[in-house]
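What follows is subunit A paired twice: with subunit B in the first complex and subunit C in the second.
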Partner chain A sequence: MTEKIYTKEEWIKALSGLKSFYNIFVPVRDGDFHTFKALDEKKIPDFNFQNTRLSPKSLVYPQSERIFAYTLDEDTPDANIIKESEKDYSPKAVVGIRPCDAHAFQIVRPNFDNPEYQDPWWIQRYESTTLVGLGCNAPGSTCFCTSVGGGPFSEKGLDALLYDLGDTFLIKALTEKGEAFLENAQGGKEADDAALKAGEDLAAKAANKIEQKISIDKLKDKVQTELFDAPFWDDVAFACINCGTCTYLCPTCWCFDIQDEVLEKQGDRIRNWDSCMFPLFTLHGSGHNPRAKKVQRVRQRFMHKLKYYVDKYNNGVQCSGCGRCVRNCPANIDIREVCELMNRL
Partner chain B sequence: MENPYLPYPVRIDKIITETEDRNLKTFRFVFLNPKDEEKFSYTPGQFAELSIAGKGESPIGIASSPTEKGHITFTVNKVGLVTTHLHNMKEGDVMGIRGPLGNWYPWEEMEGKNVVIIGGGFAFTTLRSSIIYMLHPENRSRFKDISVVYGARNPGMLLYKDELAEWEQRDDIHMHITVDGTDDPDWKYNVGFVPTITEQKITSADDAIAIVCGPPIMIKFTQPVLEKVGFSPERIILSLEMRMKCGIGMCGRCNIGDKFVCKDGPVFSLAQLKNMPQEY
Partner chain C sequence: MLEYVEKIRKTAGKLFEEDKVDVFIGYKKGSLPMMNQPVLISNADQVDLLHWDSNCGLNLCNYLTKRTDRIGIVANGCNSRNIVTHITENQISRDQLYIVGIPCKGMIDHRAVQRAVKQKEILAIEEQGNTFTVKGKDFEDTFNKNDYLQRNCLVCTHRNPVIFDEMVAPPVEEQIEVDTYKDVKQIEGMDPEKKWNFFTRIIDKCIRCYACRNACPLCYCPTCFVDESNPQWVGKSSDPIDTMTFHILRAYHCAGRCTDCGACERVCPVGIPMRQFTKKLNKDAQELFSWEAGLTLDQRPLLDVFQPDDYNDFIR
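Up next, the complex of A and B:
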């Protein structure tokens, strides 16, 4: 696999050149935060960030998307017939995605792509996307990727990985997609042994900087109903205000709603992100609601991530350790503490 | 790539008002594209999403049997946005059906056994499908005795009244129709709640499997009756309801523990449910 080294100026230039092959998304400074935006003349990519406020989840799985369209005009022969909408699956590259957020796509995949059913939109968008990661030289205080099967330079789910060596970027292709990306990238030179060694050292040092260690080893062997009936859920949920921030920021949360929207005679069927934190999520037409209480919804979120997913897919926990929910929870609920409680029970 | 969210276009072929309160109607659908009927190959116990442009979708059990060709039927309770709109639609209107979805009653296990069917209220729909399926000449010999306990609040609230009367006349199915109460002096059948009638009429669990569908309160009180007669939890089969959107295990709302009611269910044995979180 190709390994190249670019000066930072060269790299920005290479990205501009790549625009003729890909729709390129890069981290851009946006107020106090960083966010992924499509690269154009007006945007300056900024690779100097801890992590973007939101993961680039929405580039594969938009927060809101039209899935079908129809006409209600009875004068047309296809009135009320629901039809597929045109979709854009042209190649896309996300450059600068953190390894935890790339790992998250891998975690989410079996939900949308399994032997029984395949979600055409998620899969085609995922397959047309090249993920070029940026290793984390200085992981943050809420990062715990190393506890959940990832790492600051983990290659999981990535097509290529960038190492920030100061004045230069070392980039390694990891898959065929990553190889194709580098083939199309102008400039740079083949990485020498010194650069590769510098990259390795950087990765080793970064992993040691993550102080937060949580244990997930016993989750698999727990009995689902025992964890469900554990005594700590009331305490865990006490402070929660059901705002749903955790689910919207989470790169591995995938729940959605489907709604119909009509303007005059034209209608769309739309898929929107949804959240298990909201009581309407599970409200039956009859008025019955299996998760009517806050504690039931909070329990669902943690049980889903740390037990149901583990049991269902044998693919680790449904968490990539990005720490966004920990940083942004207005009530300071910390998944790391909940995970410890569950693992210890 | 096959799109599991795309409904088949159908035409409403016939609408029958089932109950005296007019809250339950049976809709018979014909596929606009005849080839879709082959693709919509289902087994009794499964459900589908009834899909109305501009309104949305509602998951409903399939009331017809695969042995009934040329159409599929659903009996729909008027509850929310989609079902209320459906109740106001007329024969000839075009809409969509997406499915079949979910698992089905354990037909392989039931083969060669006695079958006990217990239904209450409007949950009788997939049980109707099952009865029609078992009584079909090609299938009847695959099952031993078939007993049915079916109850509603009063005679006017029973579904499929003509078929119930016809089954009453047959000697290859034991019908025990009941109502919670009635002031009809000519009422020919039982009066009493489903669990009570079950206790009186279902006296043996030998070589039998029971399918139970009904409101939660009925299930709650029928379960101990069946266990007392000797049905082990493995041989008590239930069908659950849950709020759904996708119907294919992706949207995340209908789970009980790590099982999705839409994909791993809606049919579960009592033994399975006893090992799942009590959250339904």
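Up next, the complex of A and C:
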């Protein structure tokens, strides 16, 4: 696999050149935080960032997506016939995605792409996307990727990985997609042994900088019903305000709702992110709500991530340790603490 | 404010010992700096969890709605005004409450502090009266608290609780001659198109997580209008018009009730200055009806009374 080295100026130039092959998304400073935006003349990529406030999951799985459209106009021959809406599957590259967020795509994949069900929209968008990671030289204090199967330079889910060596970027292709990306990238030169060694050292140092460790080892052997009935849920849930911040910022939360929106005679069937924190999420047509209480919804979020997913997919926990929910929860509900409670029970 | 902590713990302990409350609601130190967490304790052994400093930004009144037990609760100026509103709106009864009043000198705007340290990661914060010090891996900075107050605290004129059973300290001086509505006046001066653009711009990052709504003690409807599905008032997709509908309607539902506690703005994960919506309504309530929410139990809520001398013709 190709390994190249670029000065930082060359790299920005190379990205501009790659625009003719891909729609390139880069981290951009937007007020108080960073966000992934399509690279254009007005956007300055800023690779000097901890992580984006929102996870880049929306690039593969948009918050709102028109899946079908229809007309209710009886005068047209295709009245009431549902048709797939046009979607954009043109090649896309997310450059600067953090390893935790790439790992997250791997974590959610079994939900959208498994032998029983294939979600055509998620899969096609995922397959048309090249993930070029940026290793974390200085992981944050709420990062716990190493506890959940990732790492600051983890290659999981990535097509290529960038190492920030100061004045230069070392980039390694990891998959065919990554190889194709580098083939299309102008400039740079082949990485020498010194650069490769510097990259390795950087990765080793970064892993040691992760101070946060959580234990997930006992979750698998726990009895679901015992965790479900654990005595701590009321305390865990008390402060929660039941907003959707944790689920919407989370790179591994995948739940959605499907709604029809009709304007005059034109209708769209739209898939929208939904959140297990919202009462409406589980409201039945009958009026019954199996999770009518806050504590039930809070429990669901943690049980899903740390127990049901573990049992169902045998693929670790449904969390990549990015720490977004920890940092941004308005009520300071901290998944690290809840995980300890569950693992220890 | 740190000296309040001991007093709060002692008071809570006493309330449990004298069997005056079943539970006590306050704040505990959070797992992150600048982030305290609302906590409910149910016996005297837990009182050491209780904490108070300038990072108690969530409104505790939010946790009172429709409780049926006897509750001790700490309340600064704005929280106490929300408790008054809650009582007059029949969400809790005065007899159930033992209110531990806290004279407040304002909460720290964690975003402003983050900006001041150029978004570097803050690992610890320490308060020293009127200053506070934040520490990170390779920096340490001390700031004047007054320069980093939440925007609502900067214009607050009710720092002392308006209702309490006991105070943890003598009242603090109220801020006078603050220009509470300077920003609203600026927006009022815009032409309609500019106004629309202004509000469109401030909500363009909204992800409809509803943290603003849920952090607000006024939002206690069993089913919020955005969650109604029959009829459905608002689209669920991230269409800007639906998002605007949500924000404008949310604000209008707070008319004559908002105490400008700032919780909505504090909790927004994308930093929307939500108070620009509610403040205009507060200003109208004040200018048209000389009304400020939650000052006394003797008054019915602004929008459920009729006065024969109403200045509007149509209603007379």
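By our rule, the second predicted complex is superposed on the first by the 345 of 345 C-alpha atoms of A that agree within 3 Å, B and C clash if a C-alpha of one lies under 4 Å from a C-alpha of the other, contacts with A are read in each partner's own complex, and residues count from 1 in each chain.
Note that a contact is a pair of C-beta atoms (placed from the backbone, for glycine too) under 8 Å apart; a residue touches a chain by one contact, two chains touch by 3 or more.
If you're wondering where the values come from, they're calculated on a predicted model, not measured in any experiment.
In the superposition on chain A, contact is made by A:Thr245 with subunit C only, not with subunit B. By the document's definition of touching, of the two partners only subunit C reaches A:Gly140; subunit B does not. After overlaying the two complexes on the shared chain, residue contacts for A:Lys92 are found with neither subunit B nor subunit C.
In the superposition on chain A, contact of A:Asp257 is made with both subunit B and subunit C.
Once the two complexes are overlaid on the shared chain, A:Gly31 sits against subunit C while remaining clear of subunit B.
Once chain A of one complex is fitted onto chain A of the other, the partner contacts of A:Phe112 are limited to subunit B, with no touch recorded for subunit C. Of the two partner chains placed by superposition, A:Lys305 touches none, neither subunit B nor subunit C. In the overlay built on the shared chain, the residue A:Asn272 is in contact with subunit C alone; subunit B does not reach it. Overlaid on A, the two complexes show subunit B and subunit C touching the same residues of subunit A, namely 257, 259, 283. Within the complex formed with subunit A, the subunit C residues making contact are 30-32, 35-40, 58, 62-63, 111, 114-115, 119, 121, 123, 205, 207-211, 213-215, 223, 227, 229, 235-239, 266-267, 269-271.
For subunit B in complex with subunit A, the residues that touch the partner chain are 1-7, 9, 32, 51-58, 79-80, 83, 93-96, 241-243, 245-246, 248-258, 263, 275-277, 279-280. Chain contact summary for the complex, subunit A toward subunit B: residues 67-68, 70, 72, 79-82, 84, 111-112, 114, 116-120, 123-124, 224-225, 228-229, 254-260, 262, 267, 269, 274, 276, 281-286, 290-291, 296, 300, 303-304, 307-309, 311-312. Subunit A contributes residues 30-33, 50, 53-54, 63-64, 140-142, 235, 238-239, 241-245, 247-249, 257, 259, 261, 270, 272, 275, 278-280, 283, 326-328, 330-334, 336-337 to its touches with subunit C in the complex.
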